[in-house]
Amino acid sequence: MKFQVSCELQYEVRMPTTFIFNILVSRTSSQTVLEETLTTNPVLPLEEFTSQNGETRFIRLQVNDKIKFTISYKATVDLHYNMIDPKHLLTTIPVNKLDADVIPYIFPSRYCQSDKLQKLAVREFGHITNAYAKVSAINEWIYNNVEYHPGLTTSSTSAHDTITERAGVCRDFAHLGIALCRALSIPARYFTGYAYDLHPPDFHACFEAYIGGEWIFFDPTKLVPANGLVKIANGRDAADAAVASIFGNTTCMVMNVKCESLEETFKPYYIHDADKQKGLSYQ
Amino acid sequence: MKFQVSCELQYEVRMPTTFIFNILVSRTSSQTVLEETLTTNPVLPLEEFTSQNGETRFIRLQVNDKIKFTISYKATVDLHYNMIDPKHLLTTIPVNKLDADVIPYIFPSRYCQSDKLQKLAVREFGHITNAYAKVSAINEWIYNNVEYHPGLTTSSTSAHDTITERAGVCRDFAHLGIALCRALSIPARYFTGYAYDLHPPDFHACFEAYIGGEWIFFDPTKLVPANGLVKIANGRDAADAAVASIFGNTTCMVMNVKCESLEETFKPYYIHDADKQKGLSYQ
Amino acid sequence: MKFQVSCELQYEVRMPTTFIFNILVSRTSSQTVLEETLTTNPVLPLEEFTSQNGETRFIRLQVNDKIKFTISYKATVDLHYNMIDPKHLLTTIPVNKLDADVIPYIFPSRYCQSDKLQKLAVREFGHITNAYAKVSAINEWIYNNVEYHPGLTTSSTSAHDTITERAGVCRDFAHLGIALCRALSIPARYFTGYAYDLHPPDFHACFEAYIGGEWIFFDPTKLVPANGLVKIANGRDAADAAVASIFGNTTCMVMNVKCESLEETFKPYYIHDADKQKGLSYQ
Amino acid sequence: MKFQVSCELQYEVRMPTTFIFNILVSRTSSQTVLEETLTTNPVLPLEEFTSQNGETRFIRLQVNDKIKFTISYKATVDLHYNMIDPKHLLTTIPVNKLDADVIPYIFPSRYCQSDKLQKLAVREFGHITNAYAKVSAINEWIYNNVEYHPGLTTSSTSAHDTITERAGVCRDFAHLGIALCRALSIPARYFTGYAYDLHPPDFHACFEAYIGGEWIFFDPTKLVPANGLVKIANGRDAADAAVASIFGNTTCMVMNVKCESLEETFKPYYIHDADKQKGLSYQ
């Protein structure tokens, strides 16, 4: 499944500022980067470094002068995903069987205060025994109970706010999904990427839950097809995977994001539509 | 309907301390105090003052020495309540028809942050058109979704906490009920009193919503009969009507509370049981 | 001291909406309304009602059609204030000597969670024995530690947020001042009014603390002279005294506010400048 | 520097429960485990796994029966620490020079909401240029402004609570120190261990800040000597390094913790006492 993604970000810098960008697509066993270019205008020295597991790739950029600059990225990516029969997603892996590298994803994090949502999660979803059905119910609940409303929330907004205030954007929806899963001891992680057919175009945030030994994809916004996501990063939450972490003083002037399918035969798959019972995993 | 109520509170005082007690039963058009005695041991000078509407009666007590003291109160009260046909409770009084003295009860207060719960309240209850049915649904929702669990919450706990953490005591249940009503522009106020058949015996907190021109009684804990409450105070929330507001340093050593019916024919009326459709008002 | 104040507010209404405006100047023993006019365009029926003590005057307006309308108010006011020698402001009135009508102002309220700030307030200000010096220190601390920054806070922002986030507007500054006073058992209340020499012109929010038997004026923003305030309302906090409480769906299109001195000899008095030691009271 | 540490924890289990314990001392380049024994009574199968960097060692234990059990651990450890001349600690490493594995420690986490404390941190500590002096000032500020008060906080308490409520235990002190450092772009991490001369004996929590290329030790409680800590774990905060994470229903009945020096010549070094200017690092 080939996609071409790109982004162009322009900043006006007012004092020496360090940027850590999270815009490069990740390299995973199921996502191959066929071609990519990263440029800045004017030309600025930049440095790439990766997360501990080597998948997520960060760009660090130091700007010392008062300038405007543009960072542009373009990549062609071949990605695979699996459609998984729900028969294989029946059971939650109990905590005592989880792999060590999955365990961090059952603990609360900055924007996903699962420890505060346990009674609520058990009341709402505790009676559902099938693990995939349980997370699907969480996803559906968020879609039905939280208003997609750009402009109301900030980068400090967390699942603990959203469960009460019931409004937000993709990032807030994902954080709430993650928090509710973890409150039920289901590992869940943040997923940020380029999304096919997102209007208006932007980076997108969703989440993955660990069910039946697979990281299954969920998107409580239901804004895009589930099979059109090119992954940038996973993380515990947006604290691990912000598009841009900025240390200094700057304003973002322009943000253009694109994600196009390079295959005529690409068939968008909307989980909520048709065949609700099938899970989708990017790994 | 005659009740005998009493309480005995013992404190150990460690530095000069001012107490404002809210333990005297209120004098309203529907609640007559037939007899009452208030004593302290040792004898301490105390002062009674009333709220602006003259109904709630506070006791102020200054203790300057390091002593233990007991304050004891006993009253015989004759109270009336009305059972109201739901036909008269069909409509919410719109804000533009509310009496000026009711308006303060649509605004948020310390423990009832209705401004933060508007979207949630509209999603959950906005579709119910009948006003009495709407508040009954709020009452039922709290009963079903919040765990009665002494010891988890403190005097700083508010509706904004309880809507997420889903556990608390009568005070927390009442605050949440009030906040959800106000979020829907239904005036609601805190009600504290002596309660018949409460186990273990204690002061009790409930709420009243203003429907069809009447203050209708609700108790989301469902712990006591609705017709066995002897009112101590109304207020916006517990900030107006705490049993004891203490300025200084002291420990409560003993708290005994009682509420007994003086009529053999008294029939407890449980709203949630039988005849759910009938409203009850103490005014 | 004569002032002329005016405001003009324009709204676009999209569904039946009730407005409660708090824009009329209050009538108190020290503030006389010499002349005033209130009009709406188009002409709409409106109703005035007052707070329990009769000082604050609210306007209620019901708009049922999809229209734009303007509400305009203009008043000439004669007001008195007292400059008070700090000798009379030495002592905090202890809680056991407070008049009953002052007591509500020692309790926490929606935007002034004084119960959560007690240890902080005692640490920062508890060592100051003179009551006026204590509240002056609170005022100064807020001025020095909170950034005046329009646009960061909302109508849900409270003192509990501001003490941590350290940014806000006049309303947030006032709430924090009130909360810190109450945390030290000093009664404090919200004060909203028209302010001379405020740039850009707007309604202004400040606070009053009850010291030596007087309500002493404080303004931690230091944006305006202390003797140029024409009072609209007092209240526990902005929940009691919002400029406009709106039940419905509308957008404010225009807001013009003015406050001019009608006396050539008017001398602005800046508390923080010159003669810091003198208190000012509007009652 | 040889220490003998031990702990004994007893639990009563009421339903199938998974335990993840964090009680084994960590294996680092500067901390060698000479001898250790871990037992349970009754004998239960347990599994050890390590964090991604291999230093922190977790024990996972599954109990399916309603039993009481005891887990006991004892270790002899040889540890090294460095006293570092402040000349080497003059400068904060700017974000653009930080190693990739340190970067996660500048981001906010569950209990350390540094994003919310930036203005406060800059106001209080931003003027201090020397990095070590800056974190020392943070440490001192916490010691002076937060009351050590067991019993007021819970496992949900975070730095965002403590900065306002000003009371807590070692864990809360550490979280606040970490949050304030990160708010100033100084990497900081949680440190939990066995502590010499802690009364009453317990596990202890402190923090490390990354200054001049070293992880420098800080303890805002000032309860123990800085050179008597045997490390169990590092992490972003207590979410990574809780003594016991429990999935199920159980009660801790007994907790005994010990930490003794095995060297007669051991000289406790109290940072706050004598030679304030010297930093101490365990790595």
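Labels A, B, C and D are assigned to the chains in the order they are written; within every chain, residues are numbered from 1.
Methods note: a residue touches a chain if its C-beta (ideal position, glycine included) is under 8 Å from a C-beta of that chain, and two chains touch if they have at least 3 such contacts.
In this text, all values refer to a predicted model and were calculated from it rather than measured experimentally.
Think of each touching pair as a link: the shortest run of links from chain A to chain C has 2 of them. Taking B-C and A-B together, the chain pair joined by more C-beta contacts is B-C.
Centroids built from CA atoms put chain C at 31 Å from chain B. Separating the CA-averaged centres of chain A and chain B is a span of 46 Å.
Across the assembly, chain D contributes residues 116 that each touch 2 or more other chains. Residues of chain C that touch chain B in their complex: 18, 20, 49-53, 58, 60, 62, 94-96, 100-101, 103-104, 107-110, 112-113, 115-116, 155-156, 185, 239-240, 245, 247. Within the complex formed with chain C, the residues of chain D that make contact are 116-117, 119-120, 123, 145, 147, 160, 163-167.
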